[in-house]
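Handing you a structure now.
In this document, chain identifiers A, B, C and D correspond to the written order of the chains, with residue numbering beginning at 1 in each.
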Amino acid sequence: MNIGHKCWVIPDGYIPPASTGSNRELVSHDAMCILNCNAQDAHVEVMLYFSDRDPVGPYRFAVNASRTKHVRFNEFTDPEPVPHNTDYASVIEADVPIVVQHTRLDSRQSALALMTTVAYPAAAGELP
Amino acid sequence: MNIGHKCWVIPDGYIPPASTGSNRELVSHDAMCILNCNAQDAHVEVMLYFSDRDPVGPYRFAVNASRTKHVRFNEFTDPEPVPHNTDYASVIEADVPIVVQHTRLDSRQSALALMTTVAYPAAAGELP
Amino acid sequence: MNIGHKCWVIPDGYIPPASTGSNRELVSHDAMCILNCNAQDAHVEVMLYFSDRDPVGPYRFAVNASRTKHVRFNEFTDPEPVPHNTDYASVIEADVPIVVQHTRLDSRQSALALMTTVAYPAAAGELP
Amino acid sequence: MNIGHKCWVIPDGYIPPASTGSNRELVSHDAMCILNCNAQDAHVEVMLYFSDRDPVGPYRFAVNASRTKHVRFNEFTDPEPVPHNTDYASVIEADVPIVVQHTRLDSRQSALALMTTVAYPAAAGELP
């Protein structure tokens, strides 16, 4: 199978600056969930955009063939960690088609909140 | 009517491992809501993808003509139950066009959270 | 302007059977939010699909030219009210292009939950 | 890069009329999150549509080249503030392609709720 797009956009990036609950599962996080249905591994590069400084990246990782990977922006370290309580956006590019869904868990207040959307898939004609 | 696509993707699959409230209605769940507008029944096959092992499936069920079915991943049993507190993704294929929406209800903490998105519809050219 | 589609689908219809708070604003509801950017009024017809019985409708209303209308399924009465705590789906057709977003507010437990998604727009070739 | 569309629609506009918590971060808000990947600044114009009166706008602002801007409808002032507890919808136009995501944070009750969706991208043929 060869399902998806090679470029996706998530305009609303934000890591809540606090959490109720300390185990990884309930820590506030901002995530991109990726499915790679291909028979080949996907090599992914993510650029982060900010409101007041130049883009940072690429952040690089692989999603193996026939695997999913739910990646938290909170856990990025190279080239630098993603600041909390700061607006950002991301552009996600892969060398094979993937599908990307954006999900945030926010446990700042006494009960968690969730939000999700399929990310914006860029058409082939929109690529660099 | 002949509305929808024959292949849909939900990258962010996750069943929360606990619930507040024990009646079915408020149990934490991850669901795909399907509409079949056709005059024929839809035969659906779902493959589940994981982060660290081979895909599992197909899970098979029907959505009758002119009916909706809201299917909880929690309630899948054959070929095997879906593990809780585990990242997965799903590819949903049908023999007639359907429309698929992904919804999660998470009642781990003292008030429930909800999230939803129309799933990603694969174009005809993306099918196997 | 002539923005949108003439047919939209919301697979995940559900009206929560209880609420915390009794003013209209905080009552649990399931809504379709419609924008009509046209210079003409939009005449809208909604068919509801269920899991275990034939479709019901059409429910009819207008969205005036250059106006938005946020319509709660809870408040439908003709041909019949929409049952609570029951899975349904909807197909929304209009005589001019509109844009439809699906939003649910669920206040069953002690703090409200929200979910939203742009509905699925049927392509012209998918119409009856 | 030249990713996105020049016209986007958010049918479900609503600013909750109260908040739990008074710092800007947790005040109830309705936002459009915009990414401008272009090498040129984007000049954005937003028209607001209501249920019972003529559209208001345009609200004008820029999103600089290679920057994101998360804009709260709450903070619009010119030509007039956006009323709270009132249904509205928005049409967002830019002179270069952008990507738009709609997010609402609602902290009326004792724990916040979140919802998000990628906005509806109007095709070139739908533009005025």
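The rule is short, and it goes like this: a contact is a pair of C-beta atoms (placed from the backbone, for glycine too) under 8 Å apart; a residue touches a chain by one contact, two chains touch by 3 or more.
Everything numeric here is computed off the predicted structure, so don't read it as measured data.
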Chain pair, A-C or B-C, that carries the greater number of C-beta contacts: B-C
Listed pair (B-D, C-D or A-C) duplicating the A-D contact set, over half by residue number: C-D
Turning angle required so that subunit C lies on subunit D, C-alpha fit (0 to 180°, nearest 5): 90
Inter-chain centre distance, subunit B versus subunit C - centres from mean C-alpha coordinates, in Å: 21
Centroid distance [mean C-alpha coordinates] between subunit C and subunit A, Å: 30
Of all residues in subunit D, the ones touching two or more other chains: 110-118
Residue ranges of subunit B in contact with subunit C within the complex: 1-4, 20-21, 25-26, 31, 33-35, 37, 66-70, 97, 99-101, 103, 107, 110-118, 121
Subunit D-facing residues of subunit B, complex: 110-111, 113, 115, 117
Subunit D residues within the subunit C interface of the complex: 7, 9-14, 17, 49-52, 54-55, 85, 87-89, 91, 102, 104, 106, 108-120, 122, 126-128
